[in-house]
Amino acid sequence: GAPLLLIAGPCQLESLDHALMIAEKMAAAAEKAGMGYVFKGSYDKANRTSLSGTRGLGMVKGLEILAEVRERIGCPVLTDVHEPTQCAPVAAAVDVLQIPAFLCRQTDLLIAAAKTGRAVNVKKGQFLAPWDMKNVALKLEGAGGERIMLCERGASFGYNTLVTDMRALPEMAKTGWPVIFDATHSVQQPGGQGGSSGGQREFAPVLARAAVSVGVDGVFIETHEEPGRAPSDGPNMIPLDEMPALLAMLGAFHALAREHPVRLPD
Amino acid sequence: GAPLLLIAGPCQLESLDHALMIAEKMAAAAEKAGMGYVFKGSYDKANRTSLSGTRGLGMVKGLEILAEVRERIGCPVLTDVHEPTQCAPVAAAVDVLQIPAFLCRQTDLLIAAAKTGRAVNVKKGQFLAPWDMKNVALKLEGAGGERIMLCERGASFGYNTLVTDMRALPEMAKTGWPVIFDATHSVQQPGGQGGSSGGQREFAPVLARAAVSVGVDGVFIETHEEPGRAPSDGPNMIPLDEMPALLAMLGAFHALAREHPVRLPD
Amino acid sequence: GAPLLLIAGPCQLESLDHALMIAEKMAAAAEKAGMGYVFKGSYDKANRTSLSGTRGLGMVKGLEILAEVRERIGCPVLTDVHEPTQCAPVAAAVDVLQIPAFLCRQTDLLIAAAKTGRAVNVKKGQFLAPWDMKNVALKLEGAGGERIMLCERGASFGYNTLVTDMRALPEMAKTGWPVIFDATHSVQQPGGQGGSSGGQREFAPVLARAAVSVGVDGVFIETHEEPGRAPSDGPNMIPLDEMPALLAMLGAFHALAREHPVRLPD
Amino acid sequence: GAPLLLIAGPCQLESLDHALMIAEKMAAAAEKAGMGYVFKGSYDKANRTSLSGTRGLGMVKGLEILAEVRERIGCPVLTDVHEPTQCAPVAAAVDVLQIPAFLCRQTDLLIAAAKTGRAVNVKKGQFLAPWDMKNVALKLEGAGGERIMLCERGASFGYNTLVTDMRALPEMAKTGWPVIFDATHSVQQPGGQGGSSGGQREFAPVLARAAVSVGVDGVFIETHEEPGRAPSDGPNMIPLDEMPALLAMLGAFHALAREHPVRLPD
């Protein structure tokens, strides 16, 4: 059994210093919890609820920061891409390209990401059944993708609400690819605040623990030293100083889950 | 932290010998796993998909069997009630009255059940939000109920499908009453076989493990020595000979969950 | 093509004078709109959100009022039943027995209702697929039911929300039985006000019009001279003085729908 | 009251002759039914379920055909765009740019489309509440969009299933922009055939009629002379020879709906 992978960071990149501060703390916390660590930071939030939502630092500045984090902290870095043309330049700076959930069926984006040779983490669309991620993985594989992660982040459940179906995790694992659980966006309340999305931070550790118990390969958690001041997803972020305890708890459940692997019939 | 409670049995009572056989095996397995045990058996399936579905042995015969199980095996017994007038005679023979999910809002049934003084286990309706179970508990409390259990068994998710929202478990625990997770009916596919319901047995242990990890007080599991021959709910039952390993696994997750209690802000 | 059937009344029976007042106005409005009319009034609200919700006048008093309305206004009357034993006495006083949505799978209640020989209007459970109402109709038919109506009142859609799937109407019509659209409860927000249900009155005429356009046989609408003072379902009731215009509008759409019958392949 | 707008075509552009054949028949049928007409054809299906699904003719060839249809048939033409850079060249050839549902939150795509000065038809995401389309419209308006259409095409409802909430139509109309109902994709069963999507063609006229009755400004319908041979969306397309009768029926409901406008309180 492999160690649990932690993908964590501040949602939006804010500055080099901020990124380094978070990456350093997370790398240390992950190591202490016996987890692998990938720094996550977005250079562009391309689908904010409204025009007035902060977009981010932009690709050039963002990639500089990500490259710097990778070098100084010594951890792999991940960021999301939104158009096929972004994939090559992003791949030059980062280790993992992430496909946002709304875009998980955009064939050209998947192909462009796979062709970079980098690892690709695809979020499952809120509108997609877990077994349909097999088709997404097949698109990546068909374009030469050799390192793929499939990421659960909640399914549409009525309006402005998501639900996490824990059956989705072993279901997606049937593809043979690692499965990641995004605890931050699974507790998002899309559009729940009118001009922006709400969230239920208190349930992120609950769902993360359930997901780890049924056997995921990694967890994705956004964090901030002061979530109320984060430019996006504040309502569902975990405060930075709560992360070490959260990781210790998840590590304990992961250790137990490894002793009891879930195996579904084909 | 209390030991985990196991509510288990054959769905429909079939005969005294069959009930004793299952109760004995389950009592032993529960003890070995460090769990409390309540035998569950129904004397009437009052809401089968179709008229041709087997109803059961009837109340008189069923209560005789339940009383006999209680005496010979020495474990508490549970059965479900469907009309207010059934509550008093059932309470004379069993320890826990169970309110079926479809009936969880029927005020008279709740009142009659509470007035017996017996413990009452209420299934959450597939149509109900977790926070609305507070109103159900208040009805029972208002009628003098002093031992209440609230039981999750899935929420409607499109047609012929249920989803388990793990947030529901700590949400219901806010009432202060014990929360039970029904792993068998949560993986039911209502009406999924046309004239009867289907099920996804393979996911029952997965969801049970997730539920135990986030901190329930008990699990409800239907079991049969040959599920394909059970008169109801066969597709989602756990084979009897797989129960000891399942309980051992759940016990391990429960022990760990007790070290990491979930506490939600009010 | 038959005229559209209007089932309308005040939700809870409040007094004889009140029932007569509403029945008289509705009978006149229905006649003017070219519709048949059935008075609806409940003697007991058996599944209120909380114990403090008003239950109603009780069966004895309620049936007296219903019988009086039938005699004086000359229209058929409908009320809902909640337990098998209520069916025979209720059938002695009313023309149509109604099965509440939560109870639409309770076999004994369906059988008892069918055995009275009265017409039976079954609400589709919020947790049921439209095609599964075939099984409900088969239960009634199997018990000798010869006049059955199947009634749509919304499907669970996330928490505290219903959605009306217009496909459900012709789907249920495949059974050969008349289909009724309940415009009042389809816009209910179950539990939406914490201790009681909310509603979206403004959408009741919208959904009723869509349902009539796709070809239902009747509409069910609750009305009150002052909905804000109604003992239940006020938020989704239509004010009494708005009913004549609403019926005229629905009558026009019904006339057009009759010229364009929907016929689904089997 | 304006005449109803018909947006219709073959889903994928197949050849110039094919496009002209369909556009000619549809223009004539629309005129006969008293409707405006916009030809719809896609040059690229950018989010097929699997890599093996036919993508289409490509942008260059597709835009040639669209320009030719516009000139020869004399009707406006519509096609969908998937990346910001496509907007300007597409706008040079067509009258209406369409934003696919999965992409309705992609800010850059919305801005680029709005900046062309062309009309923009945005499909509502299957994951979006109707009131959240206000934010989408605000993005277009903020980028100078002056002709916007908001298009309903179903909401996620469990797995592999959509439901059409008729409340969404007047809700979106509160924005002041015209509302279109996409009858073809609303009856899609996403991923319902494993490697491709299924559909329920028989319900497209049913839902279209309901939508027109509650007052939409236009309907979107894909059609093919032989749907079983269409390269995509065959299962939910209307056969070409059935379109004139369908349009006549919808025109009758539209005429009646205009006499009874729906007005929601703000």
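Here the chain labels run A, B, C and D in written order, and each chain numbers its own residues starting at 1.
The working rule: contacts are C-beta pairs under 8 Å (C-beta built on N, C-alpha and C of every residue); 3 or more make two chains touch, one makes a residue touch a chain.
Predicted model, so just to flag it, every value in this text is computed and none were measured.
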item	value
Other chains in touch with both chain A and chain D	B, C
Chain copies touching (chain C, chain D) - same or different residues, decided at half shared	same
Pair from B-D, B-C or A-B with over half of its contact pairs in common with A-D	B-C
Chain A and chain C: spacing of chain centres that average the CA atoms, whole Å	48
Length of the line joining the C-alpha centres of chain C and chain D, rounded to whole Å	36
Whole-Å gap separating chain B and chain C, where each centre is the average of the chain's CA atoms	33
Residues of chain B engaged with two or more neighbouring chains	155, 157, 159, 163
Contact set on chain D toward chain A in their complex	46-51, 55, 82-85, 102-103, 105-108, 125-132, 135, 138-139, 142-143, 155-156, 159-160, 190-191, 195
For the chain A and chain C complex, residues of the former touching the latter	157-159, 161, 163
Touching residues (chain side chain B, partner chain A) in the complex	155, 157, 163-167, 170, 200, 202-203, 205-207, 209-214, 249, 252-253, 256, 259-260, 262, 264-265
